[in-house]
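Have a look at these structures, which come just after this line.
Each of the next two complexes has chain A plus one more chain, namely chain B in the first and chain C in the second.
Showing the complex of A and B:
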């Protein structure tokens, strides 16, 4: 997998540089990741601008719905939006890229006029990171436990029940899980008041390390959190089960048994530790997809996270916000994948990162 | 001529053998029966039962009863008729997306592994980039752009976003097959890449590919449901549209309306679970190591 096998024949220094990049693992990784970010930024830039209906049109339409004539609506929208969509696309692109290099994601067009996108994202991202991240950890721990249980009792009734249940819940779209939970908990059984299923905080509660805040936070988190856990649990369980089963066949487990070590110690220190290695890497990778997985659930629960921000931005064609969110999401995925690679090499010294081969 | 008939008969035997093995697997059999009957009802049902086009204002949100077996929706339409008519689009998209995803993934994975070298680097590089991109978000954004008015478009679209994971798996399968003796023999005979990939390797991966296709169908339905719910694929009258409309009309807060929400959702869930049961049982059959649990 020598990606530096270039057909180019540039000057010697450039060539040496290329060779250096091609042979140095870390350099190559970094170049690759930066390249991916650039691809995503460029792709989304042009895709988004090809969407039917630009922000001005959408705003004009909504103003006209509220009873303004089309001319009034245009002047109002133009004065509100202060954006120039008539500049050539290449000009817009180079402006965007040069701002991006300075760390400026631009200002929101419509959602919060002239507010920097970075501020908007900074306001919304913590909610998503909290809700999805917490759920991911809960689901990971429960999944590991159930997977180990199924592996130890394999081919028993419990194992069959657990694995089939796990595979089944993994295939149920999380939208449907969310709706069923709202219906059962909120409407039919009335266990959770409906106002705890809308928004991420009750009105009037200020974020801070106070008891009412924390209590309210978890009250609003409970139902969406359950949905996240429910829809990811099966995957962790099945992965842990098969990983544990293959570890159980390893020689050192047999040796540990022969040495008469207590069962609990074998389960945790010998089997569990080694079986969870591949899962920890996937956990790191999933952490990156946290942001992407939240759009539907936040839409249903009006949870003030980044997924909801994206669906609002799509509705209003707020280009910079859409782009900013896709960028942030991609970067989280890339960083967490790199983290997973690092983590794996560190947790399992048998794996040497050589950057090549199979 | 003779050789082709022999081939066909062995293929039929393989299918028959699989079915026989499946018959012994209770869960797999159940999955197959549910899958086949839902497919049959969705395709044949609309030919027998007239569509429910008329609104019945006096029959809005009737709970299930003898007169309305599955209740009625927000326009007073019979849910059982709606469900029968609402399956076809969902299933066609799932079948098409499953086939296209698998086709693209197999082609890319097999070519990449077979030729190796820079072809492999390039193709896997693209695959890796595609894997890293937050695809569902991009899917939502692009779905707003492309008017996805027919099932083909939606299926192509889902496949376009769904292939990379499978392509990687196929690649590693082909890499291991490449070292088998019969493949080396075929290479020595200079049978050509297309022959070796399609005639020698793929038949040996068929079970794997079938299972992958069923899984691709499952994820096509998964993403399709989300896209419909967000309102970016507005076509037709299908299970996804039915439950999304019911949700948008606040059917969730009306105890009498629960059926109009739950019936189409139940149809999606039932179909998904039947696919999962089927694919898991096939996996058990074709990979006996799983059965022994080693």
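Showing the complex of A and C:
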């Protein structure tokens, strides 16, 4: 009897916990997000190990290219890389997961031997967040403005010009824009010195809130920033245009005009606010894809961001660095979509979440 | 409370208003003269309103009835200058006069203004302060992301009217008039209110600035029969308590009969009959009006006697020659096919009709109708 009672007990609390999770909105959301992170982490762990070649082989290849014999290259690589890739995959996975739970992303294998991945990411992430984030906001604001303008001047010459321009720049790959800009601005016209299109800071300048740093920061940001803005502007503009056109046809806009409201109030609070609702969600989601979208551009401009780090890590099969960056990417996407939900609820009372469920 | 609302527009900030009855003024509130509106379509011009003239007297309720597509809504939108950009007003005048002139109104003191000539700020001030319009689709008449209180605030601010607590108090009085629970409505978002409530909020908002003219465009169309009843009661009560002219656009003859002093019947963009409500329903003389009234089922008549008008409304791009109703008219003659009749006085100068054969129409059709219902 007594043993039966004690056996029932933990079962009941487990069920209570599950019920609590199921009924509480925030708990439910968090559990879902953690689950997604776990799935992505597991998938990346196995997929990157399925890539042809491993860190040692890649290094051996490059050493052999520089003239070493295969034995020499193997010994050299083995002495440089103190990693054991012969442990069973399940063993590696459980080690990785238990370290991850402690907040340890492991050490870099190849790129910066034995340096913690967290340090590497912390060094590189701010650059990408700054360059892509700033560009995203600039492009969003300009796109909203031009889109609204085109919608208000619908079917005018200006509208046709803006729409075609938007569609054209939207369909040019950003890598192409980057290369053309480097060629025109740096080589042909010599408007921008080439060293401002290489790297993210001039040598010798220390990060900090100093004028030389800020000036140098923006000098290096100017061209890659232009590329980011150029490649996303068209999309925002076209989305805002169509959203505004449909909002302009809504009854409450006509009624607002009938009520004699000033045009500015109608454009901002009646048309703009409602038309931008769907765009705000896409903005938050795009923030999540900051890292993924930056790889090629950072590669072209040797911009010291996380995208460049990822491309280097992939090239050298630096498993821990790849895993770390992909984890950060996953988390940014998840956090920013959650942010989009919150923001949307705040902006649109119709879908506002009213506390924790019942 | 009723007293307060009737006495004077206390709300105006910039000026103290004279009581509305103090200035004798016999000019009609709105005088429409030869209004012609067409839409540009691919096939040609859609002649939605053709040479329409009528007057709305002070405190009067005019019902504008007709089938769908007869140009009623176009005319309503034209009166507040909210026609879509494809529409053009090719001719006509919309003369508006304010009775308590000198009230800082757009008429700039005494006299009339032509609404069609208003521009920019003057037009903006005319809208809602002088002439408010309650729309057909009141369900979507409110900005979904702003509270009702904010939308009242916007309207008031745009016209230099009360703000803050005074505005809330004024709104509370109006909500009471339209039988709404102001506690619940004031802080609500539009989606939290039912269709009937939103319609009444819009009516209350329409009365906020004490306009002289209120245009109701099918205010009850999207509502169920009980809510419709409720809105009609509210409107009738408002008419008794407050001093404003009303243009009631509807295809529902019974609602028009209930609310209106005079009835204007529209067909193919033209007024075909205009008279007081009693005459329209008891002694209509235009064959179309007679047909419309016969098409309304009554409690006592046998269902076989409910007649519809044969045929369908004409294509507004390619109108028939002569009287536009002649293809459907049982009394059409050679003249009807060639010449279009103008709206002229018939039995007396309050009863106008646009028909060559109104006398025989009255004799024949009314006799038939009476015989049927007897």
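Heads up, the rule we're going with is that the second predicted complex is superposed on the first by the 322 of 358 C-alpha atoms of A that agree within 3 Å, B and C clash if a C-alpha of one lies under 4 Å from a C-alpha of the other, contacts with A are read in each partner's own complex, and residues count from 1 in each chain.
Please note the rule applied: a contact is a pair of C-beta atoms (placed from the backbone, for glycine too) under 8 Å apart; a residue touches a chain by one contact, two chains touch by 3 or more.
Not measured: the values here are computed from a predicted model.
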item	value
Fit-or-clash call for chain B and chain C when the two complexes are aligned on chain A	fit
Which superposed partner A:261 touches (first chain B, second chain C, both, neither)	second
Partner chain in contact with A:310 - chain B first, chain C second, else both or neither	first
First (chain B), second (chain C), both or neither touched by A:182	first
Chain A residues touched by each partner, larger count belonging to chain B or chain C	B
Touching partner for A:251 - first (chain B), second (chain C), both, neither	second
Partner chain(s) touched by A:293 [first = chain B, second = chain C, both, neither]	first
Three-chain overlay, closest Cα atoms of chain B and chain C, distance in Å	10
Footprint overlap on chain A, comparing chain B with chain C	none
Touching residues on chain C, where the partner in the complex is chain A	80, 82, 124-129, 132-133, 135, 137, 139-146, 154-155, 158-159, 189, 191, 202, 205
Touch list for chain A against partner chain B, complex	1-3, 5, 32, 35-36, 39-40, 43-44, 47-48, 50-52, 154-155, 163-164, 167-168, 170-176, 179-180, 182-183, 187-188, 245, 249, 289, 291-293, 295-296, 299, 310-311, 314, 322, 325-326, 329-330, 333-334, 337, 358
Interfacial residue positions of chain A with respect to chain C in the complex	250-252, 254-262, 265, 269-270, 273-274, 277, 347-350
Chain B residues within the chain A interface of the complex	27, 118, 120-121, 124-125, 128-129, 132-138, 140-142, 144-145, 147, 172, 175, 218, 221-222, 225-226, 229-230, 243, 247, 252-253, 255, 258, 261-262, 265, 268-269, 272-273, 275-277, 280, 293-294
